[in-house]
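Here's the structure, in structure tokens; my notes come after.
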Amino acid sequence: MSGNALAGAELVVRTIAETAVENEKYFGDLDAVVGDGDFGYSLARGFEKLLEGWDSLDRSDAGTFLKRSGMVLASRVGGTSGPLWGTAFLRAGAAAGSTEDLTGEQVVAMLRAAAEGIKARGQSDVGDKTLLDALVPLTDRLEQEFARGAGAMEALPAAAGAARDAAEATAGMVARRGRASYTGERSRGSVDAGAVAVAVIAERISESWQKRGGTA
Amino acid sequence: MSGNALAGAELVVRTIAETAVENEKYFGDLDAVVGDGDFGYSLARGFEKLLEGWDSLDRSDAGTFLKRSGMVLASRVGGTSGPLWGTAFLRAGAAAGSTEDLTGEQVVAMLRAAAEGIKARGQSDVGDKTLLDALVPLTDRLEQEFARGAGAMEALPAAAGAARDAAEATAGMVARRGRASYTGERSRGSVDAGAVAVAVIAERISESWQKRGGTA
Amino acid sequence: MKKFVNDPKNYVAEMLEGVALANPDSLRYVPAYNLIMRADAPRADKVSIVQGSGSGHEPAHVMVVGRGLLDAACPGDVFAAPPMDYVYETAKLLASPKGVLLLVNNYTGDRMAFDMGKEMAEADGIRAEILTVNDDVAVQDSTYTVGRRGVAGNFFVIKAVGAAAEQGADLDEVLRIGRKVNDVTRTMGVALTACTPPAKGSPLFELGGDEIEFGVGIHGEPGRERRRIKAADAIVDDLLEAVTGDLPYRSGDRVALMINGLGGTPISELYILYRHAHRQLADRGITVGRSYVGEYCTSLDMAGASLTLVRLDEEIDHLLAAPAEAAVRVC
Amino acid sequence: MKKFVNDPKNYVAEMLEGVALANPDSLRYVPAYNLIMRADAPRADKVSIVQGSGSGHEPAHVMVVGRGLLDAACPGDVFAAPPMDYVYETAKLLASPKGVLLLVNNYTGDRMAFDMGKEMAEADGIRAEILTVNDDVAVQDSTYTVGRRGVAGNFFVIKAVGAAAEQGADLDEVLRIGRKVNDVTRTMGVALTACTPPAKGSPLFELGGDEIEFGVGIHGEPGRERRRIKAADAIVDDLLEAVTGDLPYRSGDRVALMINGLGGTPISELYILYRHAHRQLADRGITVGRSYVGEYCTSLDMAGASLTLVRLDEEIDHLLAAPAEAAVRVC
């Protein structure tokens, strides 16, 4: 992945924010099946807050931009998602540091840092039927693609596909974290809202990247 | 109408009681359309109470029997119907006095007394869309039948038919008494529950009378 | 039917048993007459305050028995006036040398039961007076009909006469106060859903997903008219319009404002209604001196609310502020 | 959606404005942090008691702010934990030299917000402790999951620590008492209907006409299992079974018994449940020393109820009996 790191981060964060706002109802309905239905609302309100202060976010570098975004989410957004997504952005920003250009490896390292942040904050892990069950397969696939020499134009759709498959596969799991976990065995049979959100976002980022016409 | 007055009163009261108990749901549903739905319940519980003490009711004569029945209804049954029906029975009993045999004229006088009792107690009149709008036409028709020389076997079905027609006709009226009156114009279009109850009871009494094989 | 109920015929009796079990020291329960009374009533130095009415309006009235409120309540079945006997027996049990005040919401059945019960009590030498409450502005054209209903505003009459009686006022004085409060109290209600009487087992009427009943009473009967649902603030505007137009309440007035829940509406929504009503009154120069938000007089599980205004003066304000205690909090 | 609501996004803010307008003397409202606090807080001679949690549980917790109860509540959106910032700012505003106790119902979002908020407050030199409430016996297998939820039983923790703080106890002592009460408190809930979050506009799940959700929490999520509806007494038996089996409560124990309404169930039904629970406990030799019937912790308009037992000893009994005041009556 090449090009200006800050511009890339801006595009990614903006796409995430827009996706969250546009899918408020869809994500909420998914969370209503065995959860409490607030996921879409929390995420939408959170990213709306981020968009409100969009122009005044510190843009010294990609890392700082991501950290500031994470601060807004972690401190001013409620529910489970505010702290989790905020922590993810904070950790990704820290991993990015003040680099001007991002390599594929750096992007993978950022996503790994984000996942580790979510695990630590949420005391959760892969297999608990959470967004981690889409985020980690996504990252794995991205790493493989970059490792075999693929560029972003090729790696992103592949990773999004992996996230989608993984999100669908959460239907077979029993939730051990989040509100859905209280229903125990009954959570089996429906997909995890957070995992699907990761898949939808990954697909949107992949599309935006193609449209923007990144230099592969 | 001939035969033993007490036996006749017993048959009539018992038929009313059984009709009320059996039609609890139907009468309640009719009252639910623009009223509060408790008419069937009140009437059924009330007549159940009467049936509970059935064997110990004072049977000195038809008048006393009716008055005792009225006392139970007026004093121990709630809602609007307890006092109204109780008053009707009390007045009918008073009109019957200690007679051993009832003439057609006496029966008409008893029904007139019952209607006057309801009017006084309920501060209501014909045209207010209440049970009076079936009871009074029923009485009028009975009077006509007896006047033209008909016996009970002929007069009763005719009177029941008049009550039925009159009850159906309440659909065109606006309620001015009872809970239905609060909905004003909206009460038009549905029949009055009390009036229908009078019609159903009249039909049942007419049938019982035929079965009993009264001497015409 | 989605209700916590055993045999619907025992609905009222079982509820009353629950109330008695939960308040063993302060209340006494007399099953034969559906009677909940203060354990320390009647008192020779105090007018006894009694109310009947149908059940299904809880906390009204059995849970409003207590110091500074009712001395006894004898409810009938759900939405049905109590039998005359209950009224008579209650009056006998509550007979105080200072007299008994019988509070009656203005419905045909209740009036008949209390009129007859009072007559019988008087024949026994008991001094009793009836006070009829009729605060509902939804009922119009009252010369043709049976007149206005008594709805949630009856709480203020209970509170005022309860306080006056507790302070030793005699029967005439208590009656004067009750009439005075009733005269300056107006209520208007709106329902979002119908309620389900346990003996019926299904809703009393069907409302579409976007329909509300405007001008409802407290017996689950349909209201004055069916309207489309609106924003909470707009509904409050309509209720206020009906209520303030009636007395009328004027700029400079001080009022008590009650937002009463009809049973199925959560208190969060009641506070949303309260907010707008309070502000709208302020805009008209009417000061809310006392606030009441919660359930006072319900229609079983009906979702909906009513808005009540009471024009305050020093005397009423003082009586409403007097201490009171009951199974549920009402002040 | 059949609700009194304007823009769903303003649901919480408008409710809080309503609470503030209705209690101008005793409460203060800080819109920036969804904060309702006692007008006289913080006090130098008293530990400040603070609770967050999502909205939609009213009267919990914003209407339980007052003397002998909470000093402040900072709710999040409906069913969503408050943001960390609210917790942090609330801790700052309530900072007392005697410290701040942060009460947290055991949910992931709430725990994260309070952990982070507390860290930030401590960095500012504020002494704060967290007390986690987890009374819900519906959640099993807690080593694999996030542990038991905090539900209606949290009221007893609030009441006890509120009373202790009012009496001058220091932070360690208040914390000890809170933990002690939480340890002897158990709750089980059942839903007859799903609730409708205003932002969603439709019920969270569909239940058949004869189905109930057994073992529900307070966020409208489905429960442990779906069952057929039964008579009220049989439902109480099931709830009691789950609760008494857990601590366990034994013959000779004295308990507080709470029947908590979930929002859409009328109080008449709650007393029907109370009646049978009280009697069943008596049959097992367990004495109900304190009774609580009403709404304490709700799920918006959900029809349903929860049953809570607290094993009493002299200390807890005394704290529960201490005077308390709030926007709604809870004791």
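Labels A, B, C and D are assigned to the chains in the order they are written; within every chain, residues are numbered from 1.
Convention: a residue touches a chain if its C-beta (ideal position, glycine included) is under 8 Å from a C-beta of that chain, and two chains touch if they have at least 3 such contacts.
On a predicted model such as this, the values are computed, not experimentally measured, just so you know.
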| item | value |
| --- | --- |
| Lowest number of touching-chain links that must be crossed from chain A to chain B | 3 |
| Centroid distance [mean C-alpha coordinates] between chain D and chain A, Å | 33 |
| Euclidean distance of C-alpha centroids - chain B vs chain D, Å | 55 |
| Averaged-CA centre spacing for the pair chain D and chain C, given as whole angstrom | 29 |
| Touching two or more other chains - residue numbers and ranges from chain A | none |
| Residues of chain D engaged with two or more neighbouring chains | none |
| Arrangement of touching chains [line / ring / star / complete / other] | line |
| Pairs of chains, among all present, that meet the touch criterion | A-D, B-C, C-D |
| Residues of chain C defined as touching chain B within the complex | 9, 54, 76-86, 88, 107-109, 112-113, 116, 138-141, 144-146, 149, 197, 199-200, 204-205, 217, 219-225 |
| Residues of chain D that touch chain C when the two form their complex | 2-6, 11, 14-19, 21-23, 55-56, 58-59, 63, 192-193, 207, 209, 212, 229, 231-233, 235, 263-275, 278-279, 288, 291, 293-295, 298, 300-301, 303, 305, 327-330 |
| Residues of chain A defined as touching chain D within the complex | 28-29, 32-38, 41-42, 45, 74-84, 121-123, 176-184, 186 |
